[in-house]
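In the two complexes below, subunit A is the common chain; its partner is subunit B in one and subunit C in the other.
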Partner chain A sequence: MLDSLALAVTVPLLAALLVTALPGRVQTLGVIGAIATALVSLRVTVQVWQHGSLRSDPGGWGAPLGLALQADGLSAALLAMAALVALAISVYATGYFREGERRLHFWPLWFLLWSALNALLLAADLFNLYVTLELLGLTAVALGALTGQREAVAANLRYLLVGLLGSMTYLLGVVLLYAAYGTLDIGLTGAAIRPGPVASAALVLMTGGLALKAAIFPLHFWLPPAHANAPAPVSAVLSALVVKAAFYLILRLWLDVFGAIVTPAAAGLLGLLGAAAVIWGSWRALRAERLKLLAAYSTLAQIGYLCLFFPLLQATPEGPARDDLLAALVLMAISHGFAKAGLFLAAGLVQHSAGHDRIDELGGTAQHLPATTFTIALAGTTLIGLPPSGSFIGKWILMTGAIATGQWWWILVILIGTLLAAAYVFRVLSRAFNEAPTPRRFVTQASTEVPALLLALTSAVVLGLGAQLLWRLMGFGVVA
Partner chain B sequence: MNRPAKLMIGLLLCLFALVLLWVFHVALTQPPGARLADLALASLPLSGVTNPVTAVLVNYRAYDTLLELAVLLAALLGIWSLGAATPGFQPAGSALAAMVSWVVPLLILTGGYLLWVGGYAPGGAFQAGALLGAAGVLLRLAGDERAGLPSERAQRRLAVAGIAVFALVGLGTMVAGTGFLTYPQRWSKWLILLAETAATVSIGVILAAAYAGGKPRSRASDGATP
Partner chain C sequence: MNFDTLLPVGIVLTSLLAGGFIFLVKEESHVLRGVLNLSGAIVKLLLVGVMIWGVYHGHVYEARWTLAPGLELVLQADALSVLFVTLSSVLWLVTTIYAIGYLEDSPNRSRFFGFFSLCVSATVGIALAGNLLSFVIFYELLTLATYPLVAHRGTAEATRGAKIYLAYTMGGGVLLLIGAIWLHVLTGPVDFVQGGVLSGSAPALEGQLIAIFVLLLAGLGVKSALIPLHGWLPQSMVAPAPVSALLHAVAVVKAGAFGILRVVYDVYGVAYASSLGLLTLLGILASTTILYGSIKALSQDGLKKRLAYSTVSQVSYIALGASILGPIATVGGMVHLVHQGIMKITLFFCAGNYAETLGIHHVSQMDGVGRRMPWTTLAFSVGALGMIGIPPIAGFVTKWYLGLGAVEANAHWVLLILAASSLLNAGYFLPILYRAWFRPPPEVWPAEHLHAGRFETQGTLLWPPVITAALCLIAGLFAAAPFSPLEWAQLIARREHGL
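What follows is the complex of A and B.
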């Protein structure tokens, strides 16, 4: 019997080993490995769709002695997003790292990162999650520094130290929980946890450590330089997937481990930080001089929107309204993942073609790359939250929830953030129309432009129109 | 940063440490529930080894260990991506060279012993691999710029071998029907020994190569580099 959860982790791991051991065939093996990994990841999603949640016990001991892998609607949705985004990035990378030393370094680290991502999304054990965080953090840092430029190395050294501090703080929380409750399994710990100083300290430590990794305001200082100086495919995966993985873990812990002890004040604080991130991130994105820096600051704002869901989830009783909020949160996270990956890939193409990515001087360049400009526009649609994008539905439900729970002040934040997002997206797009139109062909380099375009298209059109499928995957009733 | 700010940060950190110590005290003085240690000892006869630490590492939580090996590999690949290693130190003087020629074989022998003894006493793949890595460090200090390791191509294969064997054992038990990394009881001792031996070699190679601090330089004697 094939254990699809274990395969989703081991297939990318074996791909990493193969491309490490056989550097001569790195490109071919890379493409094959990416397709295989995407297929085994999507297989998990299909099985969750068919059977509800999945669980398997590597080692056969079962919790609490052994550890477990688990997939429910939440992890399956993010797993599918990761698979599609990572597949598109892999295709893009074959065109981006055409030759030279760098692709030898890129592919092994890339598959290790993908493996860590899948392992994190499927883990059901608090210590196992720590190991996946370490693997994810190390590979992300190494990939981010791949350009070898001084700023990139400096930014990623800071990212490494911040990441280590974050995972150590998380581990401290795990130690406290284990000392108090004698188990590491998420479900068992969640059932055993009691309000008190130990549980509160663990909540603060683990959330704080992960907030550092998820770049939640005001712990975001490391993100813009690290994301803006990485090679384009790496920026895309850092913004779309790696930051999202840390956020997923916060959500998972708050729902499944600390569900019984989270207070409205704690959720409100997270919402407040999210609100600050929305406004500060959008403002800095508007003021950014470079396209990739704009994209990096916009990631801050998007993580902020996701944090706004916490006070609303806390205030909404179990039922369809809460299910809608949870699904809307996942929908926004996934839409942003696709859109931001597409935007960073497109920014990479612009940078490659122009030799720089200064927004004020992009005019002619953008016009020679119609497909790439279209990608930026589509991704922008999602970042603003215009219909029919997935984030339109997400924001709509977020605002409905804010009204239903009487927390109207979040709506002001969402409106300001949306306005600023529209401003920064149109600031880029307006540069694309300041010369006589001279596009010769819509697509100039298919292997890099098409994946970026598909990602943006998915975020702006497919996810919005197909949002009901997400509700079905997460086992909720269909949205009214 | 000015002095008062530093003092302030120090004070806050001390306060934070005190709070943590208090919380930890509370956690430890709570009435103890079921402890995993009892369960781990009780399941020992089924695990194929008699040392509980080894049982946790390569049987109960073998999947953790597999990912930890991947962390080591990621660290090495990250170091390699930053450029070539600096040339080694000068060749050692005769006294150091003589000592190294004694100590390195001893380290390798002790590593093998620790690997074997891990089944029933403290020891195992990580300890044995650390000794092999230490042998590499000594060789590099004594002037071998590659820390006693073979060409880059061979280093790549040795570094991945341990993880590959571990993962393939896991997939093998899955295909055989017991489940991922679930050893059939009759075979568990030998499967564990196989996985640990391969892991020892990889850990040793990765640690020594990481100490060299960069991608190995190719030598004329290597033949074609990959």
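What follows is the complex of A and C.
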């Protein structure tokens, strides 16, 4: 029987080889490869849905040394998000890179990145995580610099150095843990870990390294230029998935490895950084002159919201309330993934049609590109956290947790962040309305506009109304 | 899934689906768009008819959908929701006809009617929301769906009005959200139950419950334009006339007022709210708003602005009714939900007709307009006299019950408010009627767009106000007939007060 976990990693790798070998058919192969990868990824999610956590050992070495892969509800949920978002981006890319050299460079790197991402979500040991993290970072940098423009190259060189620094710091932590406990397996390390200077040092190093890659305030400086200067499909995957992967690792480590030694102060610090990110990111998004820069700063703020969950998780005892918080955290991360991908894709279309993405000069977009404006509005709904989006449910539970644990000050942060988000989203939308003539039809270029619209629609409607599926996937409670 | 579950869902979906398809309709396909619009509105009205019958006979319609553990989206029909649903569905149909005529040959109609339908879906969702979470969801959706309507014209002024509207409603929205979540943490899911759910709360929680009420009221007060949260309403007058009509009579303002009724009667329970001293707060706010709105209306020359301040004042009668303890005042407040709706929509339709037909935007331009447009002016007169409270028009019934309720509750100061407000209403409406009927018309109208054919203006513009004006008369004349708004409000009051 074919191992479904291994397939989720190898199929995109195979697709990368194929598009390199047959450059003449790169577009067709790209779409086929994307569909195949999405299917094998979703298969893992379905299996986790049916049977609970999965684990496999492709090399046959066994723990504690082997190349083990595993999938639980958390990784299955993110895997499904990655599959659907990346599939939509792939379809969009066929329209976006219609001609020219760039599409030849895009597709192989794209599949390598997807493979690294899936491997990262499924890896069961700390060293493999390092390898996938490094691979993900390198492909992301290469894709980001695809335009070859000066700003893009400069931004991505910085991204490269930051990424290397981040993963080296992470690796140092791994070395400490290995030296102390003699294993790299996540579960075994988590079971063996004891409070002490070594564990604390590893926690700080690993979280710090990953925080740099996840652009957690104040380590975010590299993100806005790198995300804003990449081609639209690449910006989408960077903001929606790549940053999320580093955040996933922090969450995974705090839950499964360092669960026993994390102190309220550490969680509080992460929450505080999150609060600063929410306010600073939203404020900078409001002041941004370009649409893609706005989207990039908004990512910063959204990662901040995710960090706010840590002090609440720390203060909530095991049980349904904590499960709700955890599911809400994942729900917000996923909703943001869909929304931000949709927003960046839409921004790419605006840029393509207007020749620029300066917000103040976007008048009439609602008339030229109705479907794209709709996409921006739907994605914006999610970023603000308005119903019925997934992030509305997420914020509701986040605020419930804040009140229930008596940490009401986070409410103020969320309140300010929400209003700032509304301000920056509607700053774009209010520019879109003017007296330009009426469009003939809703959609003008289906291959690019429809994927973007579907992504935004998923974030703003489907994830909110179907949120309970996530609880089921993560094995929390039985929803009546 | 059975019919009792599907009915409330169907009532929300008819306009939602119609709206979704309308976005995709090509701009020049007038017929297809018109068919979608009208069939959505008519099907909804039929479904609502079935629901009225069922609820009257004590039938329970309820649909539940779990969003997450403890968070449920609930649509259910009780007597109060049916009152609001019926108002929205009837006025949606009339306004759609009016809007088709009003926007003839203007740009971006697919976008307009798409959001117009979404707006009605959100309103109906608010009406049918069975718990506080569902209410909040549809309340926010309404903000989203109305924003593009206010900004529709795309002029600098429209964009500015929309921005102000958004700033107020989003600000109110987060306060409402925080209040709702806080209450949720204290008591678990907050279902709307006739008679309220909080009356047995521990005395230790009272402080928190008062704070929550203030948060909820602040959130709802923005849309229902309680002072000092009313500032957006006159600014959003830049929207096209059908939007103003819908915003003022049915959707936004009424959603806020409806929310106040829900919170007072079905969350706190009117007796418990009174024992916490919350009704006094609401009563003072409502009375101040009533007087302030009327005084501001006196000095407005812009016709729509004058009507806007009149809305600020009139909608607060609903909150005033809720703030007086006793079934008769409840009837007065509830019935005004409908009465204010049909009267105000008539006035806005007429204002739109004057602007579209003759280019009249200001009260000072209205000399002799009754001779040029007698039917429109007749409809306007019915609406205006009703607002003042002249029998037998609907507005009189409201004021009568509010007055009786105040006497019953020994709140005699309310009579003073009612008298002062009626005088002020007369002060800003009668001069308009005098100008329109008794002053000689000018040589030329400011901008005559449509020349008189068989009627004084286009049929699609003329019939809607005539119909709604007739409704104002019928609601007053036949107030005691079965299924009249008054009868229905009495049904609600009996159920709320457990009589």
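We take it that the second predicted complex is superposed on the first by the 473 of 480 C-alpha atoms of A that agree within 3 Å, B and C clash if a C-alpha of one lies under 4 Å from a C-alpha of the other, contacts with A are read in each partner's own complex, and residues count from 1 in each chain.
In the analysis below, contacts are C-beta pairs under 8 Å (C-beta built on N, C-alpha and C of every residue); 3 or more make two chains touch, one makes a residue touch a chain.
Since the structure is predicted, the reported quantities are computational estimates derived from the model, not experimental observations.
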item: Touching partner for A:L176 - first (subunit B), second (subunit C), both, neither; value: first
item: Partner chain in contact with A:Q27 - subunit B first, subunit C second, else both or neither; value: neither
item: Touching partner for A:T147 - first (subunit B), second (subunit C), both, neither; value: neither
item: Touched partner set for A:V198, first subunit B, second subunit C, both or neither; value: first
item: Partner chain in contact with A:L415 - subunit B first, subunit C second, else both or neither; value: second
item: Residue ranges of subunit B in contact with subunit A within the complex; value: 19-20, 22-24, 26-28, 30, 32-36, 39-40, 43, 59-64, 66-68, 70-71, 73-75, 77-78, 80-83, 153, 156-157, 159-160, 163-164, 167, 170-171, 174-175, 177-182, 226
item: Subunit A residues touching subunit B - in the complex, by the definition given at the top; value: 1-3, 6, 9-10, 13-14, 16-17, 20-21, 23-24, 56-61, 64-67, 69, 105, 108-109, 112, 115-116, 119, 127-128, 131-132, 134-135, 138-139, 141-142, 145-146, 148, 153, 172, 176, 179-183, 192, 196-198, 201
item: Residue numbers on subunit C that touch subunit A, as the complex places them; value: 23-24, 26-28, 65-71, 73, 107-111, 133, 136-138, 140-141, 143-144, 147-148, 151-155, 158-159, 162-163, 166, 170-171, 173-174, 177-178, 181-182, 184-185
item: Subunit C partner contacts - residues on subunit A that touch it in the complex; value: 320, 324, 327-328, 331, 366-367, 370, 374, 377, 381, 386-388, 392-393, 396-397, 399-400, 403-404, 411, 415, 418-419, 422, 426, 429-430, 433-442, 464-465, 467-468, 471, 476-477, 479-480
